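Notes for the one structure printed next.
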């Protein structure tokens, strides 16, 4: 459900850094005590390399920028304060891989109606339901 | 108007399977008796290959997953039941190319304001209007 | 903040045309007297080449189509008339690179909640605030 598309230029992240960043994002949604404890397989992170000549910021080609476009579906933020806290955790997770390497970056989150969402053809269980907890436990979409 | 971005790993679909899947999706919006009978050219399907090392599900690289991100613009679902029925048709169209090949998959639909949409610079005609029917007939955007 | 993803087939745009199109879009948000005068670095334009065999319009492969998916975050349209005027300016900016080359094209704009947006980890300043004007002046995200 959270879908993270990370647009970057080729070579900006090593294979190890991509693993590290994907893990840092995934943990935020799964094991982090302040997170939503989602089934791990809900978290999809895609690195999309864009050649420098195709990547424009302010009308100029760049190889130094990371643009992350995020979709949330399984949960919506209930208040602006909750959103603010969560985004801070997210920024902390990114920092070693982006800020501390001297890159510029931008993120945004769009929230999608969970009624228009399926995983392996199933309607995902309600937030914090017993069925969702079972999906966390087995880490796959099983009939319920 | 429906825009389908299909994120997959290279080699997951043959050229013939891509044609088959794109056709199955397109028919749902055009010729299917339960569908909206849109002009065929409204239906855009993009296969976006993502290398296995760039494709993470639950923090792990995978070559077995298909993530489909869908935008609807020309029509919005009027009720949850209508959405549910339509998504079932959509899942049926995907099945031979995804489920029956043993892949895991996830889909979501976002609904976009049709006032913020143009095709060939034109404001697309209203749903089920005579002008839309003419666009269906000629299968292109013509002044009306 | 405006994020423009331009899906096209390889070879549809030369390097110079990509620069020209990215500049025409960027100017609309920055220097155009009818535009919002955003900090230039807010404007991200990504060209995403999609092979002809992966690009389907109406169920048929094409190398002649351009699909632009746009996100607005820093500003929302206040009325339908304002949106209409702005989209016309946008279409004018595209025309020399798309319409006049004989391509077909489609655009849509989705509007994202600016509370769910960060740039370089900072909450971007309010529309037309002094802080935003400072970001325009220095053309980067600075604490305020």
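We just call them A, B and C in the order they show up, numbering each chain from 1.
Methods note: a residue touches a chain if its C-beta (ideal position, glycine included) is under 8 Å from a C-beta of that chain, and two chains touch if they have at least 3 such contacts.
What you see is a predicted model; the values in this text were computed from it and never measured.
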Specify, for the interface formed by the sequence copies chain A and chain B, whether it is same or different in terms of residue numbers shared by both sides, with half as the dividing line. different
I need the rotation angle between the copies chain B and chain C from a CA superposition, between 0 and 180°, in steps of 5. 120
Could you put a whole-Å number on the gap between the CA centroids of chain A and chain B? 23
Would you mind listing the residues of chain A that make contact with two or more other chains? 48, 110
If we count contacts the way the header does, which residues on chain C are in touch with chain B in the complex? 7, 48, 50, 53-59, 61, 65, 67, 69, 77, 80, 83-84, 87, 91, 95, 99, 104-111
Residues of chain C defined as touching chain A within the complex: 1, 3, 15, 18-19, 22-23, 26-27, 30, 39-49, 71, 73, 110, 112-113, 115-121, 139-141
